[in-house]
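Chain naming follows the written order as A, B and C, and within any one chain the residues start at number 1.
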């Protein structure tokens, strides 16, 4: 145990070069990204990712930090966004520089959250989840009724270029919008991170773990939760403002259960226990959504399956899985893992590819128009009526599964050994 | 008067259907403490399974077999999925059932496609059973009422008069004690989950032809079911029935009678702004009861949660 | 002089069953008071009533002369009363250091602040380290509290309880489930950290009780049948009959 103690980072350290590194690195990456991926569609995807990251991080203030499961978080982003789009349509917009707009979204998201949170944060757990669901559905349903604010079926749209030019920039091009979005992303993420390091942030964790105990530390669990809720609403509103700037239109879709549900999926997939978990989740999900959807019609089936698999087998999310590897890397025992990983995970990947091939074949066979039998998968074109593709995929699936199953114990064993400080056998 | 009667029947149909869905959900919650987000998905599976079976064996065989299939799927989900996630706590359980709902919807789309499928009322039940003045009461609706009432009666009988029912009631409150007495509590859990989902399946089988069978049907009904059991009180079957009926009648009457906000406001003394579409209050003035009919249950739920968190008849805290 | 804790006519019923049947108790400042009694006597219920986990059916509880009626647990805590729990109640996912630091936040006046960084505050860090030193967990400071051994967790529990500077400390069976050596260690710890404070504790271990307490109250079926110095209580016939008889023989 001794050397493991030494290798663990001090969690109470102040700002140091070491803790600032990830942020500096991220800032640099954000600046450089458009030079690496230069196409317009890439920039669009990056903008989408950035907005989703801010939204997901704000959601994790509730779920991961506060232990509050909300099914209605989209309304704070939505309302913030709607306010921003409305402002875009007003005369006064000419004297407001666009970069300040998300702040307005944040303020209104916060106002809504402070009203709803007053009732919903009395208890955590199921009551909170149900109230959040009710409020979310209520506001989403109201959106077709309160046409004045929500624009009814067509939503509300605006034009971001009518704002006051910011140092000469009118935000006509995607790349200008990208840097604005990236800037806000960095600021918001940093603020949310720092929030978790403040007294209220620390107590939010305590209340999550043990609300009763927290009371005997002098803190009202209810008010701690309330503060987290309002702060989460603020940052969701900022995400809404960024959305308004990017897409210049907000509709009922931004408020509904589907959006609230998808941010839950994104955050959980990434991992709720680590600050950067939602970042990972947002990036992976956006990639799946944009890139995978081009390859297959049933990408959402894969996402759904991935989500369920995450909940069942690695509930700490992708970030959690990544974190598991910190110990072996620090101890230098990661080399022990390489071979077992290869012999277990490669067959597993082959199995998954085989299965997905079969699924795609099935889908194609069942749902395409009669007569259309040609399909392309993994860069090979074939007819779904041919026997060969079926056999090939089936074989891949079965063999991959069998090999992975056979080698899995070896991987588990290597894992155990890698986690021992001296790499000794059990 | 006649219109009231017709709406009462309509509301009753909706209410009883909602009850069938909520009964299973509230039972599962009582027993296992998990709110099954995917409950409405089993309802959807019921409709789809029944459709598939009815193609080969007719509607009635579908009615008989589909709920059983759904129950088996439900039991399997409990045994292999939920039980595994249970160890992580309530929040992961909720998230799991949520993911399950997503997955089931995708699977349904995968197998049967995105469009509505032609699951139809059997010929023998088409047409009107009787009329109240000029309104025809469809025979199918009468059938739905009788079937739902029959199931409710059966459920009540099993829960209060049989040994199995007693064991379930005991396990609802003191699972450990029941286990210590030698009963296989995990098996009871699996059974309750299976029966609960089978009930949802039955609701799907009979609702499918009238409410239309399409991949989004679970989603549409999903949150209303939660609202119902929260209003009725988690764990209370009677509460679920009362809440379901209230919601059924509330939404039916709101939709049937076009109560306009305009009339209320002018009645109180406000004057309507002209032209109406320029005014910022346009939405308020043009508000009609059919518009807000679907929101009313949510409003009621929020009021209940704020002022009476136990729900109408709940014993446990939500 | 006002008593630290004054209980008058306290009653509590759950439905038809009356658990606490009228308790009058006065605990002075700086006193070490133990509450003992057979299982089911209502000791935990009494604790929960004092700390406002649920309201009494009738009667009053005063802390330093201040009536506690209607106050929430966190408000009572802010008035200077802190408690530990029978089942270890720490924050398992946070590090040991963080556990203690959180206990200091309110006491050091941070309230719901979101504009200070806790890591910047020397007062917090040094305060937490001082307490960790007292409970001998300084070496384990960065481990998640959940991985500590049972006795260490109980020690941490005590550390969290006293960290906030409360002057009335209530400990609910602090040595439950411990071996002899662990018990001795915890008793020594309790003695040190509650120096100068008022201590109220529920205990089953007679050795602990007689070694630590200035006065003892015996709770049987929701009533206190005897209060007084350990030697007097030990000699009390009623008490011996109700409770101590078998335990005394076993221990000594």
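In this section, contacts are C-beta pairs under 8 Å (C-beta built on N, C-alpha and C of every residue); 3 or more make two chains touch, one makes a residue touch a chain.
Source: prediction; values computed, not measured.
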By Cα centroid distance, the chain farthest from chain C is B
Per-chain Cα centroid nearest the overall protein Cα centroid belongs to chain A
Note: chain C sits from chain B at a C-alpha centroid distance in Å of 48
CA centroids of chain A and chain C: separation to the nearest Å works out as 43
Taking each chain's centre as the mean of its CA atoms, chain A sits from chain B at a distance in Å of 31
Among all residues of chain A, those touching at least two other chains are none
Within their complex, chain C touches chain A through residues 51, 72-74, 77-78, 82-83, 85, 89-95, 97-98, 101-103, 105-107, 110-120, 125, 139-140, 142-143, 160-161, 164
Per the touch rule, the chain B residues reaching chain A in their complex are 35, 81, 84-85, 88, 90-92, 94-96, 98-100, 102-103, 105-107, 109-111, 113, 219, 223, 226-227, 230, 234, 280, 282-283, 287, 291-292, 294-295, 298-299, 301-302, 305-306, 309, 317-318
As the complex stands, chain A meets chain B at residues 63, 67, 69, 119, 123, 125-127, 129-131, 133-135, 137-138, 141-142, 145-148, 257, 261, 264-265, 268, 298, 300-301, 304-305, 307-308, 310-312, 315, 359, 362-363, 366-367
Note: in the complex, chain A contacts chain C through residues 5, 8-15, 194-195, 197-203, 205-206, 209-210, 212-221, 223-224, 227, 231, 273
